[in-house]
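Multiple structures follow.
Below are two complexes that have subunit A in common, paired first with subunit B and then with subunit C.
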Partner chain A sequence: MKAFSYKMYFFLIPALVYQLIFGVYPLIYNLILSFKDVNLITYIGGTSQWIGLSNYVQILKDPVFKKAIFNTLIFTGLSLCFQFIVGFCLALLFNRTFPLKGLFQSLIMIPWVLPIMVSGSFFRWFFNDQGMANNILLSWGFIDKPIPWITSQILPILSITAANIWLGIPFTFILLYTGLRAIPLELFESAEIDGANWWQNILFITIPILKPVIITILTLGCILTVKAFDLIWIMTKGGPGDVSQLLTTLSYSLAFNKFHFGKSSSLLVIMVLLVISLTILFNSIKVEEESSIE
Partner chain B sequence: MKWLLRTVFIVIMLLVIVFTGFAQKNVTITVQDYFDPAQSMGKFIEEKMVEFENNHPNVKINHTYIPYSQLLPTILQEAITKTVPEIIMVNNPNISQLIKAGVLKDLTGKVKEWGWENWEDYLKGYRDNGSYEDKIYAFQITGNNLALFYRKSLLDKAGIANPPKTWQELEEQCKKIKEVLNITPFAYDGEASDEGSFQFYSFLWSNGGSLLELDQPEAIEALQFLTDMFKKGYIPRDVLNITSQGDLTPWFVNGEVAFMINGCWEFGWHLTEDVMQKLGDVKVTSIPVPEKGMHSINAFGGECYGISSNIDPAKYDVAWEFLESLLSSDFNLRLNIASASLPTRASAVNEILTEMPILEPFLEQSKYALPMALMGGMENYGEISSILWVSIQKAFTGVATPEEVFKEAAQNIKGIFSPEDYEKYKQLARTLLQEASKK
Partner chain C sequence: MNKKQRKECKLKWTLIALIPTIIIILPVYFIAIGGFQSTAEIFHRPLYWFPPHPSMEFYNQAWVTLFPYLKNSLIVALGNLALTLTVAVPAAFALAKFRLKLGKLTFLILLFTQILPATAVILPLFLIFNNFGLINNYFSVILGIAVFTIPFATVILRAYIQGIPTSIIEAAFIDGADLFRIFRSIILPLLSPAIATAGTLTFIMAWGDFIFSLTFLKDQTMQTMSIGIYRFVGQYGVEWNNLMAGSMIFAILPIIVALLAGKAIVSGLTAGAFK
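So, the complex of A and B:
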């Protein structure tokens, strides 16, 4: 065993400094702001007052916040669910050999390669009343008048979720596909000899072996989805009205439309707590799984 | 040998330092605005910078372009870190906030030296907007307002002889155009941004409504009228998600709409001379009013320049000198011709009509145009505007009736102020509105 050396801490310094400046400092600063009455004038003038938990109380009472929480849960839940199902099916498909596999694999990665500005604008046009989705449905005779995908009371949140699912599929697919490739083929061969069918192979071999990968995907996917902002902002800006408001868009709106920086910070603190709780939840499942394997 | 190399190295370094020192300009001024250098206004401002540099060899002027939507957040970040550039552009509704936040320098002393008559040459609304408690902080260099654009050929096809003058006529003509031409006739910007609020003011103020009293019948009627137009299918639903008023123009150019509410800047942006010639039927008139005999009371937009309060005192005189060169009546005229905006100096107003007669309806309306921030609670205007655009979208999409959304909005707006401030700003808005109605 190697002797303990302080030298190894030396090599951690760059990462630590980076984390302190770009991770810890903004978090603490945001936390401080959340306890102060900060608006544009007091922020610039440095005259903001401590107001305790007032920002939190106000934000929790705000009906738009409740709407944003509900929308965020819908958006995150549906996104994770569909991204996982489609990504998993694609991973299973691409685990086989077929012509032009490489080409199709590259095509699947396109959503990930495109700048969000491009995909967001595309989906806004796609879901417009005069957009591609309605044009196709109208020309095929499925509908007789345009569906208000992003201009009604209920559909906007579902439309932005659909766009986000499309964006997130490559991420889920590539991780699951890599995991699948690592499963030894012998396991499936033995199962086949024992009479297992395709479905049983998936249920009793593939999924249990991929469980750590799945939990990682869900954890990362959850973090990425809860903090999604640009796609929604480009498509609907949280509107019309507040119907597609998520925690992120509401926070931006509070800060840069209404200049309630304190309230916006308290919302971000709540959001960080939400993400940390979900991450702990997923990690605890992972730890349980690892200890059961040991 | 080593000493020789060392000496040569030191001599070279000294020469580099000396020559770069000589080559460097003594004073560097940065001008920050949202005029894209690739477009006419940006090019025009940059030409002025080069001209100024040529006349002042020791001065270097940098141009920093920030996109419109990011200008205020950027100024805010700069203000907190005390790194606001020497000369900054501010969109006119945000002036009050930045004056109160101490971001802009009091220029009253410089204006006195420059000549008070120059300041008085600015039209009153623009003066009110750039000053606070008798101190001058910013100069509006371009002005604009909205009017009703229409395609004459489409109106002819629908059998309409003249454009609408009243709300009722507008609705009737939209109905006729929809029936005859099967298009959604009226492009009105209902987006979730200040531009969405900006479009509503002509309807609100012309009907005698106030931004600080949205629960009053005049305001509710204005929203009810537009909501009905939207629900009857006269306004395209996609207006809720456009990104700027400029997005309306492609529909107008393609003949997908017969009317649009848009600003004079369109003649320097999408409706350029060649496009206008090709279409051959684009006309402009005042925004329809609730009843005959009234005149349209519009909000004025435009851009202001001011000097940062954290400017290095050694740079102040040069920064002012450059700003002064942007403020001359002649430059005001040329700049506004280049951007198809309205001059803000009285001495330049009449001349622009000979150059651009199509701006006539805008200039006529500018007599009654009101400043948004003064009409909407000064430093709280930004928040109030955001309450307004959310309410309009809620009414359009049927989340609640115009009356319900405006009652809720009025309550929220009232809650922003102390009772004394609310009364003060409400009275200010009423006075300005009454003055504009009487003119």
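So, the complex of A and C:
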């Protein structure tokens, strides 16, 4: 295959160049911005000055930043946890043949294919003061007055998390389901002969075998959730006030609502570092896991 | 167990699986019926589970208002699809079948850009595109979305190409076929189902894009459906019925795709995740 030599690069170079120009270069540009006092005026006038780490100091001191870190932790932790539980139960339920299974699976994928604007709009209505959630709770007599799901101080981040759990179920379900299908049925049958019950099967056969799949799902899920922006922006824009601000929405509103480009850039640099360290962390767990199997 | 009992047992599982499936697609149902009701009916207490006086009026209104945005969404999604496949298919071929010096680096960069938050590139891209006068231009959105769809499609396609035996390529080479010829007459035909899968997923991602359209398209005549639907979130409150009718019009294409190509979507997503 060596004979093709340089010609093989024709296939590779477009992708490499594209990602360098539109993926890597913007990050470098962003890094430079984070050390300058760029706002709308200095950007248009081209008069921005180097100010060292001042943007980083400002952002780290900002109480909204601490709020955003806290919210991101809650949002990511709860989303991952519940998506996994629901996805795992669904995968176990679907790990057998029954009529209409294919149709049901396609229907469960719908939250993944739905444009985020559509699901976001639904949840805005669902959690509206007069919306579906309050409507049902009020008419069934569980509550006397509407719960301010996305307009109070503490609840908005939890409401957004609930919506995000719904969004993430298809992905977790389908990966776990594929993993489950790969386990040979004989394993369970022989365990049953030895007297293992359903719980023991799950705990001592399914979960240990699925461990690499589970780690992959948690890795991807964690990265996808930390990155989430659209849903929150559509539902609350990080508000009211800044109570539901995540790192992503905070950086976006700093840049495009307040035009503090430099400050936003420093937050973005922190976020990129966070995502990279998460990936490295998960990868090292995965490598350890694989070497222990060998 | 005799045959009849076994069949009943299987039907039992269908009924059990029906419950979570219905709960999961309930939001889609409520958006769909919301478009047939007046705003007062949407907020009626107790909740209407079926539209009491279904009317096509709001779907008609939403269709007329949103048609230009629908056209823009189609331009962006198809433009992005063409760009993504043109770049990703050859790259996936090179990454799957050749050990190139730059191969490992390219793959790492692809994986790296794929994990980036969109918010991390959108500010620098906005400022860069602004310098080139690309804001309010379809190209800015197409180029921006492709930063994420190119790695996504390449990783999926690479997994599929690895399944094509290398001996076929070697045999063609010994017969004197040129590399481009091998790509065109062997790889592309064998890969067409995988290209359809990766293309479907790419299309769905670009069709549903929110952040790039929101940031790069300020001119109303250029905006996509994601932003066009905001037309119904007015100064004096939200026109919920039109908003829901518009949402359904926007969502119908991906929903049909999911129902027709559910299997392909599943296999593509898993190929991409377990790379």
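As a convention for this text, the second predicted complex is superposed on the first by the 281 of 294 C-alpha atoms of A that agree within 3 Å, B and C clash if a C-alpha of one lies under 4 Å from a C-alpha of the other, contacts with A are read in each partner's own complex, and residues count from 1 in each chain.
Everything that follows uses one rule, which is that a residue touches a chain if its C-beta (ideal position, glycine included) is under 8 Å from a C-beta of that chain, and two chains touch if they have at least 3 such contacts.
Model, not experiment: these values are computed from the prediction.
Colleague: Clash or fit: subunit B and subunit C on subunit A?
Modeller: Because the two structures are overlaid on the shared chain, the partners are seen to clash.
Colleague: Given the touch rule stated above, what does A:138 touch, subunit B (first), subunit C (second), both, or neither?
Modeller: Once the two structures are laid over each other on A, A:138 reaches subunit C alone.
Colleague: If we overlay the two complexes on their shared chain A, which of subunit B and subunit C does A:166 touch? Say first, second, both or neither.
Modeller: second
Colleague: Regarding the shared-chain residue A:98, is it in contact with subunit B (first), subunit C (second), both, or neither?
Modeller: Second partner only, subunit C.
Colleague: Which partner chains sit in contact with A:244 here, subunit B, subunit C, both or neither? Use first/second/both/neither.
Modeller: neither
Colleague: Can A:55 be said to touch subunit B (first), subunit C (second), both, or neither?
Modeller: Neither subunit B nor subunit C is touched by A:55.
Colleague: Can A:256 be said to touch subunit B (first), subunit C (second), both, or neither?
Modeller: both
Colleague: Would you check which partner chain A:43 touches, where first means subunit B only, second means subunit C only, and both and neither mean what they say?
Modeller: Both partners, subunit B and subunit C.
Colleague: Pick one for A:116: touches subunit B only (first), subunit C only (second), both, or neither.
Modeller: The answer is second: A:116 touches subunit C but not subunit B.
Colleague: For A:236 in the superposed arrangement: first (subunit B), second (subunit C), both or neither?
Modeller: A:236 contacts subunit B only, not subunit C.
Colleague: More residues of subunit A in touch with subunit C or with subunit B?
Modeller: Result: the larger residue contact count on subunit A belongs to C.
Colleague: Give the one stretch of subunit B, out of 75-83, 327-335, 363-371 or 417-425, that collides with subunit C after superposing.
Modeller: Looking at 75-83, 327-335, 363-371 or 417-425, the stretch of subunit B that collides with subunit C is 75-83.
Colleague: Counting contacts the way the document defines them, which residues of subunit A are shared by the two interfaces, the one with subunit B and the one with subunit C?
Modeller: The overlap between the subunit B and subunit C interfaces on subunit A comprises residues 43, 130-131, 256.
Colleague: If we count contacts the way the header does, which residues on subunit C are in touch with subunit A in the complex?
Modeller: Touching subunit A from subunit C are residues 10-11, 13-14, 16-18, 20-21, 24-25, 27-28, 30-31, 34, 42-43, 45-47, 86-88, 90-91, 93-95, 97-98, 100, 102-103, 105-106, 109-110, 112-113, 115-128, 143-144, 146-147, 150-151, 154, 166, 169-170, 173, 179-180, 183, 204, 207-208, 210-211, 214-215, 225-226, 229, 240, 243-244, 247-248, 250-251, 254-255, 257-259, 262-263, 265-266, 269-270, 273-274.
Colleague: Considering the complex alone, what residue numbers of subunit B touch subunit A?
Modeller: Interface residues on subunit B, with respect to subunit A: 72-73, 76, 79-80, 97, 100-103, 191-193, 236-238, 240-241, 256, 379, 382-383, 386, 390-391, 393-394, 396-399.
Colleague: Can you list the residues on subunit A that touch subunit C in the complex?
Modeller: 1, 3-4, 7-16, 18-20, 22-27, 29-30, 33, 43, 89-90, 93-94, 96-119, 121-123, 125-126, 130-132, 135-136, 138-139, 166, 169, 171, 174-175, 178, 213, 216-217, 220, 223, 226-227, 229-230, 233-234, 248, 251-252, 255-256, 261, 264-265, 268, 271-272, 275-276, 279
Colleague: So in the complex, which bits of subunit A are touching subunit B?
Modeller: 40-41, 43-45, 124, 128-131, 146, 148, 150-153, 235-243, 253, 256-260
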